[in-house]
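In what follows, chain A forms one complex with chain B and a second complex with chain C.
This part shows the complex of A and B:
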């Protein structure tokens, strides 16, 4: 059974995602936040621009750190979602294969307000290509800084696509492992991990942001 | 009952998963004390429920499955397992 993207987005919209008296939104076994995208963008791009003023080595460090934030987000958020009861309730009957899980988590991402993701191609255990019509990162960059003179800027998305592949094809999120620091290190810091790269970015003039994850 | 305490993404130990001796049925939810918000989504492919007990925990699961998850409030985190098990025992009590 193929993943019905529209049905998933619609179903997730019915889940009770409201805050409690402690100011937290417990859902998917996580704590969600309703975050101002511009706040995160401002911090990210202030760091990126400061690095550019410092030189190539600083730029390399900054880009790597911002993508690493995407890895950590993907591991905890996407990983947490994929072992949750909400995932089972909404997507369980649609998931026959490991590839279905990739399409499933992309459907969930599309319900979270990060932009409209589309899987352009998936080669199991080798490569994932995603394009995004409206990443909050490129949208925010264009609004605050205009067209990018520092290249692609969708760092969280780049870490995210790598995270999806690492959770599913480098690790085995389908077996519901504990999302521990040791497991994170195994998936993202060991040999053979998938790495995300943004090859085209709206902020730098492309029509869509294009991302690839491969080993 | 099998109990699994998991680290949550804020580094605490407030996420308690319990495997009940049988699958959850709708009337079991009526026995959760202090519940002020109850959501049962029959429209989903599998009927998901979430109960919220202010000051104590939220409880979620799928009707027809034995695994439930408690997310215990920060204020009572020291009693997380105790609160979860007490609620599970109430849920599993037979109707009088």
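This part shows the complex of A and C:
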């Protein structure tokens, strides 16, 4: 059975993901926030631009650090969602195969306010290609800085696509493992881990942001 | 006021007061904060606080929100319980119980020597600026004690210059 993207987005929209009496949003084993895209963008790109003023090594460090934050997000948020009861209830009936889980988590991402993600191709255990019509990162960059002269800027998305593949084809999130630091290290720092790369970016003039995850 | 978040199902984008809102968890929030602190050193605090202040000022102006609405917005979005009731025309003290950033940081990295609530400090700065109809640089906000640095709650000294 194919994943019904609209049904998933609609179902997740009914979850009470707003602050409780303590002003917190506990869900999926996490504390969520409904945060400001402009905050992430302004802070991240101030860091990126400062690195560009310092030279190539600083740029490499900054890009790597921003993508690493995306890995941490993917591991804990996507991982937390995929082991949750809500995942089982909403997505479970639509999932027949491991590949379906990829389409399922992309459907969930489309409910997070991150823009419109689309799986362009998936080769099991080898490669995932995703394109995004409107990442909040490229949208924010264009609004604040105009066309990018520093290359692609969707670091969260790059970390995210790698995270999807690492959770499903390097690790085995379907067996509901504990999302520990040791498991993170195994999936993202060990040999054979998937790495995300943005090959085209709206902020740098492309029509859509295009990302590839491969080993 | 009930915080009104509009979701555009065609674009998969959520907005409130003209600002794009995205779900993220404490792992990512603290990871990004740490990446920028590690990478920018002493310049990071101003970047993180001012990035928050600018977007909140725009949003609160767009919403024409008052104190109660600002406090409700903060908690609805999952950042903790903000209390601005002791502020007066000159400033005063703002308090956050259960700060998302401070609790998240402590859970992931343990206590730290310096306050971590730079996003919340910017939130307060931007909100006070908008509510008082003053430019951002007329509002100074500094966290005086932080849950992540061993305090029971998070407190912010607010000055209207």
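FYI, the second predicted complex is superposed on the first by the 215 of 215 C-alpha atoms of A that agree within 3 Å, B and C clash if a C-alpha of one lies under 4 Å from a C-alpha of the other, contacts with A are read in each partner's own complex, and residues count from 1 in each chain.
Just so it is clear, a contact is a pair of C-beta atoms (placed from the backbone, for glycine too) under 8 Å apart; a residue touches a chain by one contact, two chains touch by 3 or more.
Bear in mind that the values here come from a model prediction, so they are computed numbers and not experimental data.
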Next on the checklist: Is A:22 touching anything from chain B or chain C once the two structures are fitted on A? First, second, both or neither.
Outcome noted: both
Next on the checklist: Contacts for A:31 in the overlay, against chain B (first) and chain C (second): which applies, first, second, both or neither?
Outcome noted: both
Checklist entry - Touching A:42 in the superposition: chain B (first), chain C (second), both, neither? => result second
Checklist entry - When the two structures are overlaid on chain A, which partner does A:80 contact: first (chain B), second (chain C), both, or neither? => result both
Checklist entry - Looking at the overlay, does A:68 come into contact with chain B only (first), chain C only (second), both, or neither? => result second
Checklist entry - Is chain A touched at more residues by chain B or by chain C? => result C
Checklist entry - Now for A:89: first (chain B), second (chain C), both, or neither, which partner does it touch? => result first
Next on the checklist: Output check: A:195 vs chain B and chain C. Expected answer is one of first, second, both, neither. What do you get?
Outcome noted: neither
Checklist entry - Once the shared chain is lined up, is A:9 touching chain B (first), chain C (second), both, or neither of them? => result second
Checklist entry - Once the shared chain is lined up, is A:206 touching chain B (first), chain C (second), both, or neither of them? => result neither
Checklist entry - Residue overlap on chain A between the chain B contact set and the chain C contact set? => result 22, 24, 30-31, 76-77, 80
Checklist entry - Which bits of chain C are touching chain A when the two form their complex? => result 3, 5, 7, 9-14, 19-29, 31-32, 35-36, 38-40, 43-44, 47-48, 50-52, 54-56, 59, 74-82, 97-98, 100, 103-104, 119, 122
Checklist entry - How about chain B: which of its residues touch chain A in the complex? => result 6-10, 15, 37, 39, 41, 43-48, 50, 52, 54-55, 58, 60-62, 65, 67, 69, 71, 73-75
Checklist entry - In their complex, what parts of chain A are in touch with chain C? => result 6, 9-10, 13, 17-19, 22-25, 28, 30-40, 42-44, 46-47, 50-51, 61-62, 65-66, 68-70, 72-73, 75-77, 80, 110-117, 133-134, 136, 139-140, 156
Item to check | chain A to chain B touching residues, read off their complex | outcome: 11, 14-16, 20-22, 24, 26, 29-31, 76-77, 80, 84-86, 88-94, 178, 180
